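Each of the two complexes below includes chain A, the first together with chain B, the second together with chain C.
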Partner chain A sequence: MLDYLISIMLTAGIYAIFALGLNLQWGYSGLLNFGHVAFMAIGAYATVLLGMNGVPLIFAVLAGMVLAGACGAFLGVATLRLREDYLAIVTIGFSEIIRFLLLNWSSLTRGSFGLYGYPRPLEGLVAHEDYNIVLAGIVIIVLLLVYALLEVLAKSPWGRVLKSVRDDEAVSISLGKNAFSYKVQALALGSAIAALSGSLLAFYLQYINPNNFQPIETFYAWIMVIMGGSGSNRGTIVGAILLWGFFSTTRFLEGYISFSPSASSAARMVIIGVILIGLMMFRPQGLFGRKEDLAVGK
Partner chain B sequence: MIGQLIANGIVYGCIIALGAIGLSLAYRIMNFANFAHGDFLTLGAYLTLFFAATLNLGFPAACILAIPVTAAFAVALDIGIWKPMRSIGASRTAIMILSIGVSIAIRNALIIFFRPDALRFPLPVMESMNLGGILLTSFQISVVLIALASMLVVHALLSRTVLGKSMRALADNPDLARITGINVDRVIRYTWMVSMGLAALAGIMFGLITHINPNMGWSIILPMFAAAILGGIGNAYGAMAGGLIIGLAQEISTAILPAEYKIAVSFAIMIAVLFFRPNGLLGGG
Partner chain C sequence: MENEILRIEGAIKRFGGLLAVDGCSLSVQEGTIVGLIGPNGAGKSTLFDLISGFVRPDAGSIIFSGKQIGGLPAYRIARLGLVRTFQIPRALMRMTVLENMMLGSQNQTGEMIFRPILSWGRVQAQERSIEKKAEEILKFFDLLRMKDEYAGSMSGGQKKMLEMARALMADPRLLLLDEPFSGVNPALSERLIERIKMLREKGLTIMIIEHAIPYVLALSDELYVLNKGAILANGRPDQVISDPKVFEAYLGVGFDAQH
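Let's look at the complex of A and B:
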């Protein structure tokens, strides 16, 4: 039972960090990143590959964040001068390209066999059966740090400019702010946060392969952000807990329904799709969000 | 060798083009990128399979039935979802996020009904014909002929009919269109029917030359968007040209790159277009 609680804490915590990166992009800045999972994959693979080659893990994690941030900035520079649709199209394409690359660049990533047996932080210091408790502690600390950073940023001049760009780009430009540059920065920072969650996911799973990074993962983050209330970091964390509660409950219920495994996971996905549709139609501000914090409402 | 790649590229490009025309038309009239478009290709293919294999209607009849049924489903979706979103004045971004939800729901509903495995239409396996060193099946040749015929029909529809004129009017200025007495909801529903009918046709043809699986439409959403952007998103003729260029580029790239990377070619083209010619080769948008 304790193991189960800790595993929920780990997944919900990791996905909360992942979704906080998206909240910075969508909630604060109104950016449609439909390929968030790509940056998680970049973080996970960069950390694992560097770690396997003897790079100290802290630097491996940072390298993944820098790489993901650079990719995010590049996609932003390509699209953010154009209409908002283009970022959505390009990021969704990017996430598929990254997955294809990881699948097919076998000499580096071992393709669909995936990678395992890589170093994890503090591994030598704790007994194997206690490791997840320690990792859960690390995840909670990282989550709190990311949360605190984003809260500070939201209240800083930088965050205020970002929100003003989201609400009315023309006004912020007329006040001499470089809206384009702010959006690129938000995209890069959010992507780096996704990479950080990817490193933690790799530490937790002990085995990664490209199928961990399907496009649907991006939209889990979207549901967490929207359900909790776009623009609210606390809401995003609650959204992560709610979504993981939903997954655990439906997995528990599966035992009582005579569906084939593929059909029951598909049924769960249909519900996910319907939740997204319902939220956008009836409650775009989410459960706890404020209408004025909504890039969608106008 | 290169002749074969060009032939393959034209076949694949025709399918991408048909998908991209619908995507571009919907973008121009409804003013948003519909991320569920690929799943309507899949829906069209599965409906055909259902009519042909389960109801034993014969393949041609199944195709002819699947296209209007897909279009009818699109209209139902307009009544149930898109129209209420228009009425509350929802923003483009909200509608795009919603289209992702529609895409997830359709794709997984198909998995529940048809299982996730790859399937084939109940048709005999075709021998390839040798046309001056280029091997093509009669399926591939019919794909090209049907796609070209459909493009002519789309051209006639856009340039010769009242509906085409209303669509252009609505795209250029919705308010002006409304006060000149154009029934906006009706034009939008006809646009959905055309767009999704073409998507169903593209899905059937894609299933014909490869196989049918629940991810098939989603898997080519990237080349379809690349084609639409290359042609100037919103421009139906641009989408046709863009589809053929993307198809040819992807297939010809296999002469120098491993075939697994051909989808990356359309991504690279899309990024290059956005950097250097964001309105596409033919403008529009």
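Let's look at the complex of A and C:
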């Protein structure tokens, strides 16, 4: 049972970090990133591959973040001067390109066999059976640091410009702000945060393969952000905990109900869909969102 | 002409087949208020778009305090001290009135990513002084009591006032006001006129588009009349307004609109 709670904590924590990156882009900047999982994959693979080649893990994680941040910035520069929805289309394409690249670049990634047996932090220092507890501690510390960073930035003049770009770009520009540059910055930072969550996911799973990074993961992050309330970092974390709590308890109950695995996973998605629709009807701003945030264009 | 702050020569802007601005030339002296009137669709707002860089001119030159600014990105033009407001007020709805105001301030250290953390003390000190300035300007516009409310909850007239107040946060040298009195009730408008005059006393140069002729007459040192994208008349407001050509331009449009 304790193992079970710790595994929920780990996944919820890792996905909370992942979703916080998206909340920076969507909640604070209004950017439609539908390929968030690509940056998680980049972080995971970069960290694992560099770690296997003897790079100290802290640098391997940082390298993954820099690489993902650069990719996010590149996609932003390429699309953000065009219409807004181009970013959505290009990011969703990018996430599938990354997954196919990982599947087919077998000499580097071993394709669908995946990678395992790679170094993990503090591995020699902790007994194997205690490892997940220690990793959960690391995840929670990282989560708190990311949360604190984003809270400070969101309430800072930098975050104020982001919000103004989200609300009405023309206003920011009329007041001398380079709106384009801020959008690129938000994409880069959010992508780097996704990469960080990818590194942690790799440490937790001990085995990664390209199918860990299906487009559905991106939409889990969207559900967390929307459920918690776009633009609320706290809400996003609560959204992550609720969604993983739900996944885990239903998986737990599965043992008692004679559903086939595919039927029960479909049933889960239906239930989540119904909950989301209900939430949008009765509390459209999300659990932690502010009602005023919906008063756009009024 | 030694105090000329803005000079436009032969500005042209086409939208498809429509010549919205058709070879406009004008000159603005520093520290004056210049009125811009003309029938609906004359191209007044488009001219502001050209000056502020929101729309690129197809031809012509725009010189702001000796510098050619035609073709510069709009945010760079704003940084030079040429700030515009919008005809339809654009409040940042999901931000508070105070946040709207504080955004307007220029050269904020904390607007650079990570500086709010790396230069915490400096950014906090700047924030305090920006907030103080924002409160002073809000007071000037009678909006101080609304400072913590969402801009989305303001009335149309209040949004117009906020728009002007926010532009002033940028310490502009030249302020472009597009119909600042629309939606503002008459009593408030009278006060706004006094406030705009006070800004001129402080040395600010203002270009103002306005339909209400009495307000234009009360404020302008010089008046331009735009019709079908071209300057129809300019000069002292009282002389311009009694020009039969100007009368006809307005009447013509009024007539068309009825049929």
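We take it that the second predicted complex is superposed on the first by the 275 of 298 C-alpha atoms of A that agree within 3 Å, B and C clash if a C-alpha of one lies under 4 Å from a C-alpha of the other, contacts with A are read in each partner's own complex, and residues count from 1 in each chain.
Here is the rule we go by: a residue touches a chain if its C-beta (ideal position, glycine included) is under 8 Å from a C-beta of that chain, and two chains touch if they have at least 3 such contacts.
Given the structure is predicted, the values throughout are model-derived calculations rather than measurements.
Q: Check the residue A:Phe39 against both partner chains and state whether it touches chain B (first), chain C (second), both, or neither.
A: Neither partner.
Q: In the superposed arrangement, does A:Tyr131 touch chain B (first), chain C (second), both or neither?
A: The answer is neither, since A:Tyr131 touches no partner chain.
Q: Thinking of the overlay built on chain A, is A:Ser156 touched by chain B (first), by chain C (second), by both, or by neither?
A: second
Q: Touching A:Tyr204, do we find chain B (first), chain C (second), both, or neither?
A: Neither partner.
Q: On chain A, which partner's contacts cover more residues, chain B's or chain C's?
A: B
Q: Quick check on the superposed pair: does A:Tyr118 touch chain B, chain C, both, or neither? Answer first, second, both or neither.
A: Neither partner.
Q: Quick one: classify A:Phe213 as touching chain B (first), chain C (second), both or neither.
A: neither
Q: Where on chain A do the contacts with chain B and the contacts with chain C coincide?
A: 295-298
Q: Would you tell me which residues of chain B are touching chain A in their complex?
A: 27, 32-33, 35, 81, 84-85, 90-98, 100-109, 111-112, 115-116, 218, 221-222, 225-226, 229, 233, 258, 260-261, 263-264, 267, 270-271, 274-275, 278
Q: Considering the complex alone, what residue numbers of chain A touch chain B?
A: Interface residues on the chain A side: 30, 32, 34, 78-79, 81-82, 84-86, 88-90, 92-94, 96-97, 100-101, 103-104, 215-216, 219, 222, 226, 260, 262-263, 266-267, 269-270, 272-277, 280-281, 284, 295-298.
Q: Enumerate the contact residues on chain A facing chain C in the complex.
A: Touch residues, chain A against chain C: 149, 152-153, 156-158, 160-161, 163-164, 166-168, 170-179, 185, 189, 231, 292-293, 295-298.
Q: Which part of chain C faces chain A closely enough to touch in the complex?
A: 52, 54, 73-76, 78-79, 83-86, 90, 92-95, 99, 102-104, 106, 108-117, 123, 126-127, 150, 152-153, 166-167, 169-170
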